[in-house]
Every structure is written in structure tokens, then in C-alpha cells.
Amino acid sequence: MDPGPQVATRAAALGSLRRRPERLPGEARRIGYLYVAPAFILYAAFNLLPLFQGINISFYNWDGITPGTWVGLDNYTEFFTDPTILAGYTHVLILMIFYAFLPIVIGLFLAALISRIRIRGLTVFRILLFLPLVITDVVTAVAWTWVYDINGPISTALRAIGLGRLVPAQGWLGDFNTALPAVGVFGLWGGFGFCLILFLAGVMKIPASLYEAARVDGANAIREFFAVTLPGLRYELQVVLVLSVIGTLDTFDEIYVMTGGGPGTATSVPAYLVWRRLFQTGQVGSAAALGIVLMLIIFAVTWAINRAMERGNEA
Amino acid sequence: MNTTASRAQVAFNYALLTLCSIIAIYPLIGVALASLYPPGPDSAPSGFGLPPTFAWHNYVTAWEQGKFATSFTTSLIVAFVMVPASVLLSILGGYAFATMRFWGSTVLFYLFILGLIIPTEATIVPLYYDVRAMGLLDTYWALIILEVSGEVAFGIFWMRAAFLSAPPSLLEAARIDGSSSWTTLWRIMVPFAKPAILTLTVLTFADSWNEFFLALVFTVNKFTAPAGLASFSGRYTTDIALVSAGAVIVAIPILIVFIIFQREFMRGMLTGAVKG
Amino acid sequence: MVAPPARVRIALAVVAVALVGAACTPGGSVTQATAPPKPAVTGVPDTGPITLTVWDQETGQVSKIWDQLNAEFEAKYPNVTIKRVNRDFGELKSLLRLAISSPNGPDVVEANQGWPDMGALVKGGLLLPLNNYADAYGWTNRVSQNVLAVSSWSPDGKNFGTGNLYGYTTMGEIIGVYYNKQMLSDLGLELPTTLPEFEQDLEAAKQAGQVPIQFANGDAFPGIHEYAIVQDQLASTDYLTSLIFGTQRDQLSFDTPENVQAAATLQDWANKGYFTPGFGGAGYDSAVADFGKGQGLFMITGNWIVANLGASSTDFGFFLLPPQQQGGPAVSTGGAGFPLSIAAGTEHADAAAAYIDWMTSDHASDLLLNTGQIPLHTGASTAALQQGTLLADVVNATATATADNGVVPYEDWATPTFYDTMTAAIQELMANRISPEEFTTRIQSDYSDFQSSRT
Amino acid sequence: MAHVRYDAVTKRFGDVTAVRELTLEIADGEFVVLVGPSGSGKTTALRLLAGLEVLSDGEIRVGDRVVNRVAPRDRDIAMVFQDYALYPQMTVYQNLAFALKMRKMPRAEIEQRVQRAAEMLGIGELLQRKPRALSGGQRQRVALGRALVREPKAFLMDEPLSNLDAKLRVQTRSEIKHLQQQVGTTTVYVTHDQVEAMTMGDRVAVMNEGVLEQVGDTRTVYEHPTNTFVAGFIGSPAMSFATLGARRDGVEVTVSRGDLSLTLPGTAFPEGVPAEITIGVRPEHAHLWHDGSGLVGPIDGRVRFVEMLGREALLGVSTDDETRFTVFVDADSPARLGDPVRVGIEPGRTYLFDPHTTQAIGTA
């Protein structure tokens, strides 16, 4: 998961997409173009233009060195024939359970458990719980490579309580069955702290009167959660859902460091496939196509989540 | 709302939060401890006991073997050029979008918002060949330009929200007082939005320091710290102590920045997440 | 139709312009690299200070020797300074494509032969043809034809094994079986002379609770070597060589009974637990270290770990995997080591050629000899080698294989994506996730895709 | 100083017309108050003068210069905002000096002007403080100071007192008025509080839905409102209205509805008696009917509410057919909720309006 601060706040911005920006205020001044120009020139030259170039390249079969040959949509139809691409997307969907679904569920559960009392020293907990998200992904990936080592903490602990045979001979990251879930747990560890803090902050903002009203109406803890807490966290839920889903879809750092896509292609993900095809196997056209499709999926998912949350608001 | 909370509930909260915190920091503490085990493939720290001897020397060897001197310089140079540039451009752009109406400004703003959703993977392929054509491969400038062009999208969104929160009368007073848009920006709006600017600076630094994919693609000798660590851990897979030392070295700068600017990080990621 | 509002029309125009701007064929034009003329006099031209950037992937002892050779070269030509960039195998593979054409790219580079690396670079006109230098320095008559063949390409990079010379080395590699002499005698076994005998030894070691074959496939490349030498005993050398070179394009197929049987054998060994437990995740370096500490009867890998076990060691021996039947030809995978090539973009072609000549000189090969690198060039002083040592075993084994013309090139040279396809397929094969038949069909589809795409 | 002129000024926001055909002349040194309910366009009119909004059409002149196209900073006007708009990061001194620095005024003169303004406003010792360290009143004074130092052609004030508490508001009103007379700068003051308008303005301009209903000195606007809106808006508590049928009785005119009837002198109807007439009565002109001593009436009704105002009480009276009046009585009057009561109007104090055009006809 690449849930660095960049993505965290990036998704925050997306959360606001659902509200049309109110009519832009301010005086009508053409000097505005001058202020926006430097940022826009850089942004257009290195984000928008390459996007079009990428789309163009994705219609070629190109090894990156000699002139490419036009192949139309072959690079895209390859998605349904090439098993490694299909595998890449199924892996990332599985990872989404660990990177998005579980942290949110756990975060919500814990936030609900920690009732609304002012917690002194919350900042200390906030710092510690934020660390996994803030520290460089490569560092946390290296740390977890050690955690998953044959005689790292997890294996030793299991052996200590007599479950040594559970430890896969190939090592957690080397075994075909445990490699992907292992990366998943790494993402869960990275995300659950942020979710907990975000939801706690959200719960703190829910007016106390709502809780008192629910209590007066005789709501038990469960009913209170669904009647007050959950609706109160609607906005946080939407943002963290978008954040973690996008974070999962363009995962790269930990896959490169921890498993290199292995064993075999058991943990290959779209972003890793793009890198591999661009650099290792010289399938540049296909790498471009993979990137474009990944972007389209991210668009669709973000739009869907915003739309679902939007309808949720009106319901 | 402290009324009916029983002592047990408070104790339970602290217990739960402490447990979560332990889970969150255990791998980092573990790797820090592992880095003090004697080097060599068979030192295999199990992560529970303290290292037999505190092999502080690992850090020196890791620093040299992993050539972190060069990768740290790269990361620092890139950050120290990229962060101010990106923040400045974001302030200028955000200011324009917040306080001025010009034809097409809404479309332009949405174009930037689009940037938040375009993953690096979608543009990396052509970018590689463009940068190579410009002869910028393996230069600090490649990283600086690409990171700034990536950060600006979010930066402008962030600064626009910050400037919009200023009372409109402030701007109008400045217009009447005869202050040009430039003076208004630097004498009035920027001081007003200082907290938001500090947050943006901290977040931009974190993104730059943690950048890995761009470094991997665009640099060869001039690796950034994370790329240096990845290459180092790739070559010394067996020597866990040494690799762990490398990991701790790369973690230190961002850790320091986070501890110092913890409030800014929080505001950036929480209110940002909520205010949107 | 009401004209769309001005804003939309402008936006569409902008998009159209951008698309047109980006709609040219990627890759531009490629000019084939022209061979630099034959230098009047060999050696580094004394034309002021020259910096030669050299890219290599040597590790351990060999890397130290390279430093020594570089220093000696700088001493010999004071106006030259060597800037050495050392990266491991996988990293160099990806970085090379990136760096070779960038302004501060390398002058001399140690590129892997075969379609994926050298083939791609030649096709892109990024390597200089070395024929003129070969004549000037007399390289061609120092090594056998097949050593040159693996570094030869048609100028357009479409045919492998013929045409110009793009890389040169005088050192060779061979993959075989290292064995722990002490353990072999403790188990009352002799050196196997046939494949079935070898398998009996494995079973015996297994029964005795020893690790029959020390092996770790975390780094993915070792798996290819295990499979290759088993395949060498079952399939014919000519079939394998032309398959890898691609001389008969898509007439040849990987999906042959021999290849299936080789896969079945490997899977069988894995299921019988003949390999180190947990080989899937372990690192290659730790496996070599463990073997050196006496864990494991055999270890199947290349000659590059001789230095790690000690060239003059008498505790460890080396033999080629024996043929199927008694008296069959000695066949194994190997051949020329990583050759040195000259980047087309270099400004110091002559100096680079002098450097290559220096790094492949007799003096260099003598130094490299005791790291286990096998001199392929004539006149190598292997005679002075002390028999009975590990190094002697390796040199003799290579000599017999070369004599029986049984040196098969590396299989991952066969197509640009073979390395990926095979490493992943072997990992799944040895983890029992795919059957030998599925293994060969998957690799065949990669092979046939590439052959049919070769215009 | 300079006079200010609005000439048929109109401002449209999309299809909403905020100001319609506003023509208003403000003499040099005059203190004119724009008053009206919220959304009446008074603030927009002020912002048009300030240049913060662009005219849809018409002309605005400051001095004898048409300023339609002129940027706010070049109009030489100073504005005091409702939320004071003090630059939060600058000290009081910097706030005051900012506009002068923008005009590249020599430092000595800036120093001298700021000190003088600070003295006039009694904020001398606050100069080095930041706005957030000041009270509401102090901030308000600094905002005034900022306008003062500019010595502009005109002061523009947008409800500057609305954020102060009631007591401070009354005190500051007189201070602003006194200050304005001292410097003699033409001032356009916007407020929705008609008491403020009456106490501060030399002249008052009443606006409603973008239209200037009436402009005149405070007495005229109070005594002779041109229509029911101005009559109802100016004066607190507001004038009560009732629409009655009318017919001529010889030299007098009787207006009646249901069992309520009043006889008014015929002279009040120079252009003839319309079928219906709207009459307006200010509470201070209506009294309890003791013995018919010279009051027009009587009007019988019941007490609907009683509001104790300290020295006096305000009675809400409604007749059988729901015509409603408010009447001032002295505090100890016995009238209680629901009691029947008889009311009379001081002669010549009944305002007459045309029910259809709402224009004033006269008084009777």
C-alpha cells in the first residue's frame, strides 16, 4: 500500500468532488492567468501531455528502442488473454480486502469501542498510530521483510507456542499460498492506525446531544453505533475508502522490495507489471496500456464511491 | 461528556489504544533492534531478545556499503529545491483560483483536480522517453521537475481551500487600500494562511523524501534514499542486521520531521481528510 | 444542432491538438551503429585526459580483481581514469536500457548475451560492432568460434549467432555439480557416472538425513540452471543450441517429450525432498554459505562460486551432471561469461577497445583463474594448475565438455521475456502448482509468440 | 472633500436586479445614511461606489470624475467594513499605515498622520498590538482610524456598528458623528437600523428592493413619508395601517369599515375622495379616549397585547373586524389583555395613502 501522506490528503481532495465548487468568488481579473501559468505549464507538460502520449503509445507494439508497429487495441485485448495481467488485477482486488476493507472495519470497530470520553495524551497515541503511514514505504517494507523472515518474530512466536508446523518452509513471502496475504497484512498494518485516528476524530465531532438523545430513546450500544456513529462518520468513511482503494490500486513499493512479484507471479500487481514491462522485458506498448487501464479503473472506482456516498446522503 | 463514564471504561480505552500502538510500532522497534545484532548472514535476530552486543558499527558499514552518502545528498537536494518550488507554485495557483475569476478558471481548476486521480503509472512510460529526450535522465532536475508537477495538483487544491477560508472583506479592504494583487498575496493572504502553508510544506517534504518509483525509473547513479535502500537490501538480502541499519538510517529524517511537525501532519491528513 | 458553448469547443480543440502532438510513432528512427575504423596502432590514444565509465555486475573476489586490473590499467595509461559502476545482475539488466543512451551513460558495459539484453541493444544501434578492433588486437584467433558466436548479431539485431561481433570475453562459465567429498565418502558413495546413479546418490543422502541438493530459489535465477543441466542430459545439444539462437525460427518447439521429462524429473526431485527445505524463499548467497559450511551433499550451480569455496580447496569437488546412459557425451550449460561491449554513444571507442583487450588479456585471465573463471582462450596456463583441487575439477570438466562440443548456451537468452517466463514457471513447477506438461506449454507459447513476431 | 453622485445607477446579478435606476446626490461633507431592510440593495449601492462591484449601467461620480471604470484604489475613497477587515497579522500601527505605504507616502508623513488619527480615536496606546488582542470596540475604532488616515474624498461605512453590543453601539454612534463633523469628509453610511439612520444622518435615503423610495432630512422622512413603505419602516414601533372605505359628507369625509368610522376634514382631500383610502397612525399619536377632548375617533377595540417599556407601555388594540392599532399609554394604565378600550387620534396626525399606489395623499 502506498498510503503516504500524499495519497492520504490527495483522496481528501477527491472527497470534496461531490460538492460542486461554489461559484468562484473574487474579482474578475485576467492577471489570474499569470498566477496559474507556472503551475499549469509544469503540470500540463509532465502530466497531461504524457497522458495523451501514453494513450498513443498503448496502440503500438514497441520494444522502446526501435520504431514501434501499430497494433491497435491488441495491448488492451491482451488483458483477457495474458494470464499474468489477469493475475495482477485479481491480486490487487484481494489486496483491497486487506488494504481497504479490513482497516476500515477494524478502525470503525475500535473507534466505536473507545467511547467518547476525552482521552488525555491522545497525541502520543496519534503519533504512534500514524507512524506506519508516515514512514517511507520502502523502510516499512524492509522492516516487514525481516518480520516475515524464517526466524523472524512471527515464525519464532508460532514455534514458541508449538505451532511451528504452520510456518511455511519457503518463508511467509516465499510460499505461494501465504505471499499475497502476507503483503496484505503489511497493508492492513499500514492503514488501520490512520483509520482508527480518523474515525476517532470523526466521532469526537459528533454532537454529544445525538448520543444523549439515542440513550434517552433506549438505544443499546449496537443501535447507537448504527443510528448515530456510523451516519456521523459518513464523510470520513467516504474519504478513507477512496484513499485506501487508490492506495491499493497503484501499490508498488512494497511489492518491489518484499517479493519482487514472486514467488512466480503470485504477488504481481499492475504497477509492478508496468515497471517490469517497461524495463525488464521491453514490452513498452503493453506497459502504457496497463497504466491507462489502471487510471480508468481508479476513475471509475472514485466516481462510484462518491456516487454511492452521495446517494447515501440523500437517502 | 464525562458523566456516566466508569473507571473501567477509561481503563479499557487506554488498554486498547496502547495495544494498537504497540502493534503499530513493533515492526519499527524490531527493525531498530535487529540493526544492532552482529552483522553477517547467521546473526538472524528473532525479534524478541535484546541483541547480544550493540553493534553500532553496523550503521557505519551500512552507510558506506549502501552508499547512503550519495543517496542522502540526492534526496536532500531534490527536497530542498522541490518543496519550496512546489509550495510557491501552489500558493500562486491557489491564490488565483480563490480570489480571481477569469474565463475558464473553473475548467482549469478541474483539470488540476484530475491530476489527483492520474496514477504515476499512467504517464511513466512516455515520461521516461520525454525525459530521456531532454537529456535529463539521471539528474536531480528530472526528479525535481516531475515531483513538482505531481505535487502541484494537490498543492493548488490545498491552498485554494486555505485562501477561501479568509474573510472576503480582507481582500476588499486591501483592494481599496490600493494594494496590488502581489502585495495583497504576500502581505495579507500568505500571513493569514501560514498554518496551511506549513502543513503543505511538511506534507510535500514527506512525499518527496518517500518518493521511490520516480527515483527507480529516472535515476541510475543518483538514487534517492528509499531507492538506495531498496538496492542495498536487494544486494544484502542475507545480512539482516546491515539491511535493518540501512532501513533505520532512511527512516530517521522523515521521523524527525514527523515528530517536530506532528500537529501539521495531523491537520493535513485529518482536517484535510474531513474538510476536503 | 446548436453549437456547443465556446468553452466546450475550445476544450475539444485543445484535446485534439494534444492528441495530434502525441500521435507520432514512438521510437523515432534508429540508426545502426557503424563499426569504428581499425585503429592504426593499438592501445589508448594519448589525446588528453579520458574518463572511461565501465558498468559491470561482478561481485565478491572477482570484483576485487577488477579493481586491481582497473588500477593497473590507469597506471599503464596515466591519462585515463576508470569510473566503475557496479550493480547486481537484475538491477543492471533494467538500468542498462535506461542508461546506455543517456548523456552520462557507460562507455564499456558488461551486458548479458541473448535476445533480451544484447539483442535489444544491437537492434537499437546502441552497441558498437567490434570486428575492426578484433582484427587489430587479434581477438578472434584467441577463442573458439562458438564463444564468438554467442556475442555475434546481424547489424539489424534480427539474427543471433552470426554477423558482427558486439562483445568479447576470454573467460567462460560452466554449470555443474559441486559435491562435499567428505560427506560422499561417509555415505559410501562414488561419483555417479549416469543420471540414474546420481538419483540413487540423492536417495541415499536423503535416507541418511542429509540435504541431497543445497538449493535456494528466492532470487529466481538459480532455478533455471537446475532445470537446464537436467534438460541437457535428455535433449540433443544441437536442438537446444538452435532453439536458443532461434536459427530455425518457429519450426522448433519447446514442447518436446524430453523437455517435459526434464520438468518431471525436477518436480520429482522436489517432491522427494531432495532440495533444501524452504528453498522457495531462501537467498542464493545464504545457500552458498550453508553449502560451504557442509550443509548438503551436492550443489548445482555455476563456476562463479569457486572463490567462495576456495579454488585450491580439496574438501569440495566438481563434476558435470552425468549423461542418461553410460559413456554419453559430457553436456552442460555454460560457455562464454559476460562479454564486454562498447556503447555506441562513447567518445573514446579506441580507449574502450584497449580497456577490453586489457581486461581479457592473459594476465587478467591468470588473476581471474583462481576465482574459478575458466580461461577459454588458447595459451591459457592451466597446465600449472595443481590437480585434485576444486579449480582443477572445474577446468577439466569444462575441457571435457568443450571437447565433446557439449556446451549449451544459457536458456534465458532465447526470447526477450524467457527469463521472466521460465523463472516464474520453474518456481511454480517445483512448488507443484503446475504439471510438467503445463510447464512446457506455457514456455512454448512465449517462445512461439516471439518467433512469430520476429519479422 | 468631494460630492458624490449616483446617476440612474443599475446593478444586475444574473436575472436579479439588486439596484434599479438609483439617482442620488450627496453634497460635499454631507453624512447620508442608506437605510432599508436586508436585500434592499443598500450594501450593493455602497459597493458600487467603492468599486467592489461593476455597474450594469448608469454613472457614479466622485468629485466631478466619473469613476465607473476606475479601480477601487484610485477612487480615493475609504471603507469601514462590517467585520472591520483588519489585517490579522499586522499591528494596529501597520494596519493604519498600510494604505499610505501603498501610496508610497514619505515615512515622516505616515507617522504624523497615524499619530493624529490615533489621538482622535483614543487608540494611541494600542498601536503595537495585534488585532486579536483588541476588544470589539477597539477594533471598530482601528477600522475607523484606517479610513481617517487616508483623508479620502469620501468615507464609506457598511453597518460598522452591527457587531457591537447595544450600549457600545449607542456611544460609538455619537463618536462617529462627532468625528465626521470634525474632519468634514463626505460620508455614505449603510445600516438596516432606522434608529441609527435617524440619529446619525444629515439626510436619510430609504431603499427597498433596489429602489430609492425617498431621500430627505430625518424630520421630513419621519413627518412626511412618501409612501406606506417609508412610513412603516421609519419610526419604531412602526405605524399601524388600515384600509377603509371613504365617502364625502358635506364638508367632511367619513371613512369606515364595519362599525369603525372616523370623520376627517374635507380639506385633506384636494383632488377628490377615492372610494378606498389607507390610513396610518403612529402609536405616539394615538391616545385612550377619555372624554373625546379634541381627538378624532372614537375607535372601539380589545387589547391584544401589552408591552411594558419602562416609563410607558405599548398596547396592541384590534377592532372587531381585525383592524389593528398600537397605542402608547403611561405605564400605570389599568388596561389588561382582552379589556375593551376606546382610542382616539390627535387631529392632523392621521396619514392618508392611496391603497393602490401606496403613495401618500396627505394628513388629516
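As written, the chain order gives the labels A, B, C and D, with residue 1 at the start of each chain.
In this section, contacts are C-beta pairs under 8 Å (C-beta built on N, C-alpha and C of every residue); 3 or more make two chains touch, one makes a residue touch a chain.
Note that the structure is predicted; figures quoted are calculated from it, not measured.
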Select, from all pairs of chains, the pair with the highest number of C-beta pairs in contact. A-B
Tell me, please, which chain's centre (mean of its C-alpha atoms) is farthest from the centre of subunit D? C
In angstrom, rounded to a whole number, how far apart do the mean CA points of subunit C and subunit D lie? 94
Please work out the Cα centroid separation of subunit A and subunit C, and write it as a whole number of Å. 39
Averaged over CA atoms, how far is the centre of subunit A from the centre of subunit D? Could you give it in whole Å? 60
Specify, in ascending order, the residues of subunit A that touch 2 or more different other chains. 27-28, 48, 53, 56-57, 64, 279, 284
Among all residues of subunit B, those touching at least two other chains are 126, 128-129, 175, 217
Subunit C touches at least 2 other chains through residues 22, 26, 98, 218
Could you run through all the chain pairs that touch each other? A-B, A-C, B-C, B-D
Residue set of subunit C touching subunit A in the complex reads 15, 18-19, 21-30, 93-94, 97-98, 116, 120-121, 123-124, 126, 157, 218, 220, 277-282, 416-417, 419-420, 424-425, 427-428, 431, 433, 453
Considering the complex alone, what residue numbers of subunit C touch subunit B? 7, 10-11, 22, 26, 85, 87-88, 90-91, 95, 98-99, 101-104, 218-219, 283, 285-286, 289
Counting only contacts in the complex, subunit B reaches subunit A at residues 1-2, 5, 9-10, 12-14, 16-18, 20-21, 23-28, 30-31, 34, 44-48, 89-90, 92-93, 95-102, 105-106, 108-109, 111-113, 115-130, 145-146, 148-158, 164, 168, 171, 175, 181, 203, 206-207, 209-210, 212-213, 216-217, 225-227, 229-230, 233, 240, 243-244, 246-248, 250-251, 254-255, 258-259, 262, 265-266, 268-270, 272-276
For subunit A, which residues count as touching subunit C in their complex? 48-49, 52-53, 55-57, 60-68, 70, 150, 168-176, 260, 262-265, 276, 279-285
Would you mind writing out the residues of subunit D in touch with subunit B in their complex? 50-52, 71-74, 77-79, 81-85, 87-90, 98-99, 102-103, 146
